[in-house]
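Some structures to go through are shown next.
What follows is a pair of complexes built around chain A, which joins chain B in one and chain C in the other.
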Partner chain A sequence: MKNCYIARSRSVAARQLGEEMVIMSAQDSTLFNLNPVATLIWLGADGHTPLETIVQQRICSTFEVDLEEALQDAQQFVSELAAHGVLLLGEAPISDANAEMAKLP
Partner chain B sequence: MSLMEKVNGKALSLGVPLSVHLDITYRCNERCEHCYLEHSGENELSSSEIRAFLKQFADAGALFLTVSGGEPLLRRDCFEVIEFARELNFNVKLKTNAVLIRETQARRLREAGVEQVQVSIYSHKPEVHDAITKLPGSLSRSLEGIRLMRAAGLKVTLANVLMKSNARDFAGVQALADRTGSQYTLDPTITPMLNGDTAILALNLPPEELRAVFRDERLVGRVDEFCAPPAPIDDSIREGLPCSAGHTSCYVSPWGEVYPCVQFPLLCGNLREKPFSEIWSRSERLREVRAIRAKHLSTCSSCSHLGSCTRCPGLAFMEGDMRGPSSADCEKSFLRTGIVTAGMLAGSTALPFAPHHGELVQINLPGA
Partner chain C sequence: MMAWAISQDNSLAPGSLAFDEVTVEIGGVAIQLWTRDSGFRKVIEERYEGFVNPEALPECRFEIQLTSNRHSGDTDEDVSVFKCGSKWCLKRGDFQAEWDLESRTGWIRQCANPYSIDSVLRITHSLLLAMQGGFQLHASSAIRNGHAFLFAGVSGVGKTTMASLAPSDAVVLTDEISYVRRIDSGYRAYGTPFAGELGRPGANLSAPLQQACLLRQGERNRLRKVSQAEAIRSLMRHVLFFARDNELVEQVLDAVVNFASRVEVVEMEFTPDRRAWELIQ
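For the complex of A and B:
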């Protein structure tokens, strides 16, 4: 998963409760509660910043963790959320238009 | 503990109003005989006021937004309100009678990302449903709206308020839910009007019929579990909250008034006068509501049903004391389990019908 870009899907509802993000998918009504680390990744998912940069800037600078290890965990996490339609994944930057299209059935 | 309970617990500890119920109008194209509202459209919030208040709810941490009325689609800006709420990342649930839903509206709701639509259906028989709504042709129009919303991919729930006039039609409404691929939910409680008028309570199911509803597995699932005697009461129950009203949820009227719940008419502030965050965090009335634990309830704290009763503090408030029993819930607990409640013993709630015993047998004790 080189050059991985992530964008928050517009089909979800989301709110930050303290350091944790609560997300509800309108697609299947699944509720997600992201822990503080996952929340940092979610907040960085602007479609334009590579996942590696998000992990480096938001995770490795906050927690004492090796980039390679953190990136591996992050890749697994974003894949799981993408499977539920909560995050969009791409090998190139993801435009707002693409994110908008993703909410349609 | 479910994830939803965990999230609610977190919201409670942070003082976050996780759920907001917003009625954008009290105007309605139906005149349901059991409705608790007066249908005035005077001085409703403007579009810009609603947008500003939605932003305030979001800033306060609200995630779940119920848009309701009256009939919300009577407002020309209903879709703009919903679309703006979705831009603010709310999970939106819409309550409508679906009479005004056409293909375009159904598609627009789906595209906006509305999570669920709830439609009140009283009977599968037009003559019964339309007599309750007082709108000729309403069942047919609502069902067409439901069909279009389902075709657009929306999740729909049929809400079936049960009362005297439609008591025997729930199976027909359940069949409609099945046929349209909708969920079904039952509500057997008529509440007083928000102005305190209790005349509509006469529409409630008679106790004998409510008792039968509680013993119908098509409605309650496992009857032995639903009607089981209350479990022993421990400290976690005594220290528990009566309900989420005013703690993690609140209600906002079409005039910007903030209440703990749509069924709890304790005015806590008006958004036209104060920001939501100020009302939510500083209202003395909300603080009073939040201070109440089960152990503080004047009669119910000594009731064996304390841990399992659906006691509504709003209904208790409408009966005169938010710490007192709600007679409708006393009745339900009694009819469910056959065990008399503390409210009944205290005389604050009448027995719904005279308890009767079987044939009396004289027991002759040895030595007596």
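For the complex of A and C:
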């Protein structure tokens, strides 16, 4: 997963509550709760920024964590959300047509 | 009684076929049901006794098309609710229904099973409520001292127990499905006819909501305030939600977020006896 791009799915509703994020899937009404670290990745999921850059800029700069270790955790996290259809994954930038680029409250 | 005919394409048109109508009003939202079967009309009137209001202006009208019992399906099948153009389509093993948002009319095909009409009403109310910033919740509810209290939780945690233990100065609104509407800057809870294990409908009354209690049985009775995030997460798990529709998901999530910012949400540890009600004042 070297060139990994992530984008928020259109089929979810997400609301930020402090540093956490609550996400509800319109497909199966599943509810997801993201902790502050996962929320930072979610917020960076614009479809154009590589996952490695998101982790470096948003995670490593905020928390004292090694990039390689943080990236490994992030890859596992985005794979899990992608399996639920909440995030879209791609090896190339993901267009707005396929992802939710709407403003987040 | 009014005379209407339903054409084959399910649109309503004046005609000569006689229908019996029953208007069921829950939470101030009226739904008119039409049936050519006077026996089933009686079933509806009895089932929703206390919530039938012929004077209420209906938000929508359904023609009930009864099918034979041979074709009745599985009530345990997952319900499917989706929007197709301006219509909401509802489907489960035991019923099919369509409801047009523009004309506010629709039809229900089902056998003469009251559980089917119960489900259609619950789903339709969940859609109507979502558009107005409200929701239905798997929760019992009651009015005490002029204010309403919700008791939410998973099956078996004690929703019906709280309702059955209600003291004489409390009025039970429901032991199964609570009806919450946004009114001005606050929220009101309304009684519903949807009964759980208690086996009887709630009172057709309403009151401003004071507190939502997330039930947890324990060894003592106490309340613990929960964070807004925890409140939203917990409440969302108990909201009645059927539709696979992005706009509706947004509306429901917004409604719960707003609710949790205006109504106190607490975790209620309780012993399953009357002392639990000492916390509800």
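Basically, the second predicted complex is superposed on the first by the 99 of 105 C-alpha atoms of A that agree within 3 Å, B and C clash if a C-alpha of one lies under 4 Å from a C-alpha of the other, contacts with A are read in each partner's own complex, and residues count from 1 in each chain.
Everything below uses one rule, namely that a contact is a pair of C-beta atoms (placed from the backbone, for glycine too) under 8 Å apart; a residue touches a chain by one contact, two chains touch by 3 or more.
A quick note: this is a predicted structure, and the numbers were derived from the prediction, not measured.
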item: Overlay on chain A: chain C relative to chain B, clash or fit; value: clash
item: Contacts of A:Ala83 with chain B and chain C, given as first, second, both or neither; value: neither
item: 243-251, 279-287 or 351-359: stretch of chain B that collides with chain C; value: 243-251
item: Chain B/chain C common contact set on chain A; value: 10-13, 15, 17-18, 20, 22, 24, 26, 29, 31, 33
item: Interface residues, chain A side, partner chain B - complex; value: 10-18, 20, 22, 24, 26, 29, 31, 33, 103-105
item: Residue ranges of chain C touching chain A (in the complex, touch as defined); value: 228-229, 232-233, 236-237, 241, 244-246, 248-250, 252-254, 257
item: Touching residues (chain side chain A, partner chain C) in the complex; value: 10-13, 15, 17-18, 20, 22, 24-29, 31, 33
item: Chain B residues touching chain A - in the complex, by the definition given at the top; value: 3-4, 6-7, 10-11, 14, 16, 18, 58, 61-64, 86, 89-92, 110-111, 113-116, 153, 155
